[in-house]
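Quick one: this structure, given as structure tokens, is what I'll be asking you about.
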Amino acid sequence: MNGGEISSLNRSFLLGLLDDGRRSDGRTLEESRPLTMSTNVVSTAEASVEINLGNTLAIAGLKVSKGAPYPDRPSEGVLNVNIELCPMASPDFELGPLKPDAIELSRTIERGLHDANVIDLNGLCIEEGEMVWVVYIDIYALNFDGNLQDAGFLACLKLLSEIEGRQDEVFGEGSSNIIDLSARPISVTMLKIDEHILMDPSDEEESTGSARMTVTVDSEDNVRTVHKSKGGQFDGDDVIRCVRMAKVVAQQRRDQMF
Amino acid sequence: MNGSEDVTDLVVPGDTLGEEGMVPGYGTIKRGDDIISTRIGLVSVRGNTVNVIPIRGKYLPRRDDLVIGTVREYSNTNWSFDLNSPYTAFLHFKDVPWDVDFGETGEYLSVGDAAILRITDVDVRYRTTVVLNGPGLKKLNGGRLVKINPTMVPLVIGKNGSMISVLKGATSCRIFIGQNGVLWVDGEPEDVDLVLGALDLIERRCYSKQLNKEIELYFADARMFH
Amino acid sequence: MAQDPHSSYELTDSDTRWIEQMEMKIGRIGRADGSCQVKLGGNNVICAVYGPREVYPRHLQDSLKAIVQCKYNLAPFSSQERKRPGPDRRSTEISRILGEALEEVMFVQRYPKTSIDIYFEVMEASIGIRWLSLVAASMALVDAGIPIKELASGCSVVVDGSGPSIEPPSELSPEQTLVEVGTLGDSDKFIMFQVDGGLSQDDMSQTMDVAQAGSKMVYDMQKEMIRGHFAQLSESDEEVGQ
């Protein structure tokens, strides 16, 4: 199936299915696609992961280096998340306009991680005003079938969990508390199409729908971050439904990852 | 059923084919005295000619083909259609079953609409012309569009339409298949799913000499669990 | 065989053991028309092909043939020192070299006004990444059903005082010369030829022999791999069905 230019026939067909509580890949509206991850796929990164969320495939690597801090935050290190929308990932990417917004995706992921306090930026400081650790996470989207938001976030989570146990090695002795994943935050993204809320949208669905909502839930079932994107409107009921659905899927993903 | 014995005919680009004295046909080139395959596909020998029937590749428009296209854009006097091909097709506003005035094109067919079309002309640069007026040609409503590998179209149609009849009969779906690898399927959702499953099976088992039997089995199994 | 390889070099056990480790996986990128991932030693590259398809941007269109657009990119985590994302001069140069080599094997005249887009994303780069990328591309072209004259193969040879070897070191020392080639199948024709370092006339001849022998082994592996992949696709239903 192609995203981008979906024919009106298929659009009507998709909407008809939704009215019956089904989706074109056979899922229910609340179901997420299968999630698989394998680590250590690249030996040149401090940590690496290959993630599959349905047909969405990305390979991400974490690297650290020393650098100067931002002038307005002299005692803080930096976490830099960068999502790359590789032209190979979709026939629509090379054309430009139909591409997801990589910067928005990257920023939302960074915010989700910060709001869950997974990384202590002050702990990354080596010499105030002079030198700090910079943690780079580069996520290469290689095959796109929607929801890079969650795929990217979960990849970051996996990478951080890979180095959580060996922070001494990565950041030097005495650095055992910089990364703290005890909150086990999980990102869950949903899409609104007419009055339906769909969990973990595919590319075809993202092209059809309007508003998107990403919710980050922690292990105590608290909502840490909420991000609405892509125009459209959510009303109060929608938000409540989203949060309810998100908590279920967050727990499933959490069980799988930790 | 062992799959591998059915794939001895599979050739890859660079393979030498045929015997001395044979003539290079479709999907092959001559290199010195040898005939070489340029495609991944199945060898088919007709008389003295060695051909390779590709199992992968894009659809290139051919005159007289019936195809399913989707409107990409339109002007005051014509529409351009996506044919699931590197080449788009043009439909002139007079070649339709309606009385369309200059500038009214969008009221009859707009972006995203699909239709069964006939290709009437393809020039040397693949500039392609289609018509919508003619037997069997029409704008499509309802149902859904499915894309398959265009090289599989002959298999899905079958000898004298045998395979596509089986698909229609077993599912009560209305099905139309375009030469460009786009199908239109209309029926109950469970039946449409069955058709999709059958198409998937055909693509994967394209080498099999037992394909008809396998499809029969597939539908028999499906009926059992229905 | 279509053409007898002219190589008089016989691969050593260590050469063979090295090349045998090459892994190739076709079809990883489902959205693309064709794709292949290739890994060997410290190299890991994914190639995906779209085409022939409409040219974008339109003004680059050639009314007489397909244009070949090749984009080679290194992921920031592909080397020990993080590389900033985005094209650099070396990647641009490699894009051009690979594009020219691949155009040699395609029939661009058959698809006027279209583009054949070939993308490389390198996950991990070491010595030999160029010829491995070429191999990945030729498999991706086959997967895409784009007709080609022959599979592009290749090999790299490192030459120093102790002679030529196919297995590369992790880093080139100043006394070592790297020769990296792309070949038209198992023939004696080179579609890519890169030498980094100095090479005497004598060494050149012998090195080409070694490279050709290596390429032939790679070529045989490619063919087997393609057949295996497409046969396996048709069998996968069997296991599920039984």
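Lettered A, B and C in written order, each chain numbered from 1.
Just so we're on the same page, a contact is a pair of C-beta atoms (placed from the backbone, for glycine too) under 8 Å apart; a residue touches a chain by one contact, two chains touch by 3 or more.
None of these values were measured; they are calculated from a predicted model.
**Q** I want to compare two interfaces, B-C and A-B. Which one has more contacting C-beta pairs?
**A** More contacting C-beta pairs are found at B-C.
**Q** Could you tell me which chain's Cα centre is nearest to the average position of every protein Cα atom shown?
**A** C
**Q** Could you put a whole-Å number on the gap between the CA centroids of chain B and chain C?
**A** 32
**Q** Could you state the distance in Å from the CA-based centre of chain A to that of chain B?
**A** 38
**Q** Two or more other chains in contact with one residue: find those residues in chain A.
**A** Correct list: empty.
**Q** Going by the touch rule set out above, which residues of chain C reach two or more other chains?
**A** 53
**Q** Inside the complex, what are the residues of chain A that reach chain C?
**A** Within the complex, chain A touches chain C at residues 41-45, 48, 55, 57, 59, 61-63, 65, 82, 84, 86-91, 94-95, 136, 138, 140, 142-145.
**Q** For chain B, which residues count as touching chain C in their complex?
**A** 1, 3-4, 6-7, 10, 12-16, 27, 29, 31-32, 34, 36, 38-40, 54-58, 86-88, 125-126, 151, 201, 204-208
**Q** For chain B, which residues count as touching chain A in their complex?
**A** Listed in rising order, the residues of chain B that touch chain A are 70, 72, 82, 110, 112-114, 140-145, 147, 184, 189, 193.
**Q** What residues on chain C touch chain A, complex-wise?
**A** So the residues of chain C touching chain A come out as 28-32, 35, 42, 44, 46, 48, 50, 53, 56, 71, 73, 75-82, 85, 117, 119, 121, 123-125.
**Q** Chain B touches which residues of chain A in the complex?
**A** Interface residues on chain A, with respect to chain B: 1-2, 5-13, 17, 20, 22, 26.
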